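Chain lettering (A, B, C, D, E and F) follows the sequence in which the chains are written, and residue indices restart at 1 in each chain.
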Amino acid sequence: MIIKVVNPNTTASMTRMIAKAASAAAGPGARVVATTSGSGPASIESHYDEALSVPGLLAEITGGEPADGFVVACFGDPGLDAAREVASGPVAGIAEAGMRAATYLGRTFGVVTTLGRATGRTWELAHRYGVAAQCRGVRATDIPVLDLEADSSARARILLECRAAIETDGAEVIVLGCAGMADLCADLRRELAIPVIDGVAAAVAAVEGLVRLGLGTSRIGEYDRPPAKPYRGLLAGFELGGGPGAVTRVR
Amino acid sequence: MIIKVVNPNTTASMTRMIAKAASAAAGPGARVVATTSGSGPASIESHYDEALSVPGLLAEITGGEPADGFVVACFGDPGLDAAREVASGPVAGIAEAGMRAATYLGRTFGVVTTLGRATGRTWELAHRYGVAAQCRGVRATDIPVLDLEADSSARARILLECRAAIETDGAEVIVLGCAGMADLCADLRRELAIPVIDGVAAAVAAVEGLVRLGLGTSRIGEYDRPPAKPYRGLLAGFELGGGPGAVTRVR
Amino acid sequence: MIIKVVNPNTTASMTRMIAKAASAAAGPGARVVATTSGSGPASIESHYDEALSVPGLLAEITGGEPADGFVVACFGDPGLDAAREVASGPVAGIAEAGMRAATYLGRTFGVVTTLGRATGRTWELAHRYGVAAQCRGVRATDIPVLDLEADSSARARILLECRAAIETDGAEVIVLGCAGMADLCADLRRELAIPVIDGVAAAVAAVEGLVRLGLGTSRIGEYDRPPAKPYRGLLAGFELGGGPGAVTRVR
Amino acid sequence: MIIKVVNPNTTASMTRMIAKAASAAAGPGARVVATTSGSGPASIESHYDEALSVPGLLAEITGGEPADGFVVACFGDPGLDAAREVASGPVAGIAEAGMRAATYLGRTFGVVTTLGRATGRTWELAHRYGVAAQCRGVRATDIPVLDLEADSSARARILLECRAAIETDGAEVIVLGCAGMADLCADLRRELAIPVIDGVAAAVAAVEGLVRLGLGTSRIGEYDRPPAKPYRGLLAGFELGGGPGAVTRVR
Amino acid sequence: MIIKVVNPNTTASMTRMIAKAASAAAGPGARVVATTSGSGPASIESHYDEALSVPGLLAEITGGEPADGFVVACFGDPGLDAAREVASGPVAGIAEAGMRAATYLGRTFGVVTTLGRATGRTWELAHRYGVAAQCRGVRATDIPVLDLEADSSARARILLECRAAIETDGAEVIVLGCAGMADLCADLRRELAIPVIDGVAAAVAAVEGLVRLGLGTSRIGEYDRPPAKPYRGLLAGFELGGGPGAVTRVR
Amino acid sequence: MIIKVVNPNTTASMTRMIAKAASAAAGPGARVVATTSGSGPASIESHYDEALSVPGLLAEITGGEPADGFVVACFGDPGLDAAREVASGPVAGIAEAGMRAATYLGRTFGVVTTLGRATGRTWELAHRYGVAAQCRGVRATDIPVLDLEADSSARARILLECRAAIETDGAEVIVLGCAGMADLCADLRRELAIPVIDGVAAAVAAVEGLVRLGLGTSRIGEYDRPPAKPYRGLLAGFELGGGPGAVTRVR
């Protein structure tokens, strides 16, 4: 079984780190393929960035190496609905899988994320996934995504917010709110002695389970294959062709 | 005051019809400029289409003729959050404005839209805008967006669903669920003798009101200007530059 | 187009201030007529006051100079449903219009109001209008309504609560929670550098938009004209007569 | 212990029927005093009627024979918040008590009421009282309130809607949605063989319980005594006087 | 009328205290019978304890002295649904009755309970009973249930949390979150000068009211009598027999 | 890795069928151990049955062969919270895992279950797990649990309700609402051509994923180990001993 993990930003070093976490999470029968978006922002830190990461994400979903299941590896879960319509297997977002995993492990959880402006989107997703009542808070460290690796104080600041989530907000489980935090997960668990969830790992496990059970996206209603039609201009290459059930890019 | 109404699909004939409805809705002091997206799908009928309409929409919001306020003229309200971050004035979606206008006029409303697969998105927006409790139903006519003009039976089928919304679902007001239905609005009101709302008109009125009151998008928190960063590949041209408060495309 | 703005308390000096704000908000084609209730409390600061302001409000809605649209200018939106049943045009409350306007401009807002005992009513309205999830707090200044004009420290205390709403509660937009604060709006915007909304202005804009689009209250279901019947005692004069569609007081 | 049951409409024959049901529900230590509003509509069938029934209701709450607890005997629960501020003991509405009683007896309930236009208000109350998830439907018989006694077919039509509530909507308990249906309650229980709740009886039991436990309305926050102030015009007589904790009409 | 109050833990001294509070709350025509579970934990302070208290509770509901109504006297309301299926009269939990009583007396309330780990269950019940929006907080004193009597500092710590609920959380009414606090109720009311509710008393009043009105659990749908079937092992004695409408233990 | 799947009813033939489905769902590195409760009802079809299945379930969780993760194999998810407190690894219920899996595959789902009286519990769980908005209906076949195997018409009736869920309710995915339906899953998928989810398989996959990621139940707050205390009577054997972090039965 092949699980494709798409990093929807265009920074390859981040993809490498994500790939490591994803591979560690995969079971014996699954192989992870991690890819970097070829188009759009170097990191996703605004609605503008997020919206403009989606074409690159969808190109990775519909093109390149075939796969049995897909992970969207950005905590804003960009383009998830669109990816479901065109992917050849089930798709999970890392916020979706991370927050749902938390609900198996405690009555409450807290999210620790990067920038303060991302907290609104996180809450929106928590509502969409039906876990807002269990989410006790979304705390921002105000570390830009691409500084997570470079900034030597990042780990300390994240730890601080995790502790505040536990002691002030009453979180029983921590969900890391950025794919770029995946490599801190083991370390934080040791320090905090409670479950700390990396969404990349959680999404790989979720998708692997669905594929093993033979479950794919429903093709009636909401996620049916998109109707074919002309595409123009810069995005003309995204026009779809093929008969029912098949999704192929025309150009 | 200039209000820019962006049709996020790439079909110019639909823009002309939208322009007519928008201009009729504008007050004495406001001028409507309607533009067509230069890139993406000819109509928006799936999550895939919607996601891929956003870059073209954002190009119209940040480029071309300057404006004081903006309307996103597709009932899925694509790219609304991103548009707010970068627009030079307040922005309204037509689902947002249409459904909110309905709540001033009745306790309940019903939406009559095009394809069945769009109803999930409409309900999602109804929840987001806090009007789901008043929305008694979202009825699909299963007329593709671009057939609305050509298909001579379209009007009759829309009327039928409106009547069902009133009699079966208990709707007291009708909201038309597609920018392409704007020109049927007056006619439907006459037939049904209850308020029928075209979202394009409602959004023009909402934005015009906000501009007249001197109100723009808040620049703290969620809709602050996006942080600058490199953009690569097909969408490299969307990279932003400029100091704080100014949003200019780098290329 | 004539928009009648009714001050449901019996203090004429407050009506003059409201009239000024309302007139400034009206567009070129609209004229504001502001009236003072002839019966009931000098200010509305309890459920008791609010309930007893409604007959005077309804007398202004059904009597006096005819109008095309109506604004109920008290932040508790007293008698709004009843006003809709009998008014000759669309009706908006200032809490309704003010809080809805806020949702176009930010992901969150805060309300700054007069007395602490009014916060329960404000939250109830926030739920009714579907904006409770975006409302981050309702802060009371504990300045009685009629002291807003006289009390020279009022402005400073309101500013203080606005700052707390932004910094502590995370509000991105401020909604002023009393018609008596309308004249502070411009000043607060300058100080806070974020959108500050006066509900009177927002309601005038909302009603003006509805009237321009030819939209009135639905006459099926909830807001149909009240059935005629005998009225007795002190309120006998409120008995309605006339045929269907017409609402006239019998005495 | 004296429980005052106020009929907020001005029809004395209806008060007599309510008094009978209320007295039958009172325990050994409680005496029911039923009063008719002296001012306003003969029946309450619109928001307009409801709003204009409140002054008469409040006059009965604050004047006349003293009592230990109060029931507002109209299913729209008019003026409940205002009544709580000024009453000398706990206050219950009949929709409030009727719907809450239902939740002790089944997982779901249905309301059977008079006019279709009242269903919106009933749903609003179901949300306010936190029982909307259990309310499977609000069914209207379209029998005007004052015809309940006279119309010999009323009982049959109410029975029909009760059966539909059970079989179609899945109601496990029936709540009668009008004080005027109190005398049908025993009969309907026999026919339907499930719990049928008359709100008047339920409210008497609720208030009697609160009084026996020594519980009254909280005087901090929301239901604190209203601040004193001038009242003018037709309702000048409602001006309150007296020191803290005491509520007396000035005139 | 006999009301059976079941203490679902196995500590008889606590039952005696509950019996006293329950008897004081009963009206002239009602007699309270208090019983102690014969099986399970000495106190209920975890989900494990709660689950294992239910068989003993159900044995008291179905066996021993017959009764007209039943109270489950533990604030976690254990086994309430099961008790309703098999009891010979209406059943109320003390969290259910306590929190519902609070909503008649103020817009908001706060719960003061024993252990911090119980707060999750309390919130779950607040949601189930539809009162979560009014519940401003659940405060734990971290006094184990069985220390409430012995620990001379318990009263002071409970009072402290009550004051914090009022001043910090904005509670207008206090609900005591443990049957073991019943005897502190009168004292706390005197100190706090706001309504303080003991759930045992509230539940006795609720059940007494339902019995007096002739209302019992609905036997259609959710709470119909359980279908008969074999029971094995340790709990074989719980197998039910008898024809429809009758619930008798087989062994 | 060992995953223990507990059938909380006392029917061994049903455990064998569950074991087969569970083993088929486990990945290469996981071994399934299925056990039957030694105490309580032969099937779980009422709140009474459910409550009385929990002691037997907890005995299997804390005793017998050790395991790394646990599945509660009854669609009412009985005793889930208690099981989490005492289990040596993560625990999932089959309703929990089945309904959550559905949300990855479609916007909506429908549950097809056994008895009509179980639908209330299913809805309660859908709310608890945050998926009620996506659940379009819970349809009962009215086939008793133990007849699923024997009754040759069972499959046809289940298929019928699945079709109604899709066509009438708008379900895009089907969740089977009883562990006893596990062996019909493959067959139904073929017939319906949409995803059909067996909760047993979904729960095995969920738990296997959590164990592989090194995630266990949080031991702060809600699911901390229960405090030790005396147990009496029939359930005396459930008294816990041991130091912190260890859960051992005393007898």
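List of remarks:
Rule of thumb we're sticking to: a residue touches a chain if its C-beta (ideal position, glycine included) is under 8 Å from a C-beta of that chain, and two chains touch if they have at least 3 such contacts.
Worth saying up front: this structure is predicted, and the values here are computed from it rather than measured.
In the contact between subunit D and subunit E, the residue numbers used by both copies make up over half of all numbers at that interface. Comparing mean CA positions across the assembly, the chain most remote from subunit C is F.
When subunit A is laid over subunit D using CA atoms, the rotation angle comes to 180 degrees (nearest 5). Centre-to-centre, using mean CA coordinates, subunit C is 28 Å away from subunit D.
Subunit B and subunit E have Cα centroids lying 52 Å from one another.
Centre-to-centre separation of subunit B and subunit F, using mean CA positions: 44 Å. Annotation for subunit A: residues 107-108, 120, 127, 133, 221-223 touch two or more other chains.
Of all residues in subunit D, those touching subunit C in their complex are 10, 37-43, 45-52, 54-56, 58, 79, 81-82, 84-86, 115-117, 120, 124, 127-128, 144, 221-224, 226-227, 229-236, 238, 240.
The touching residues of subunit E, counted against subunit D in their complex, run 25, 27-29, 90-92, 96, 100-101, 103-108, 129-134, 166, 170, 172-173, 189, 193-195, 197, 201-202, 205-206, 208-210, 212-223.
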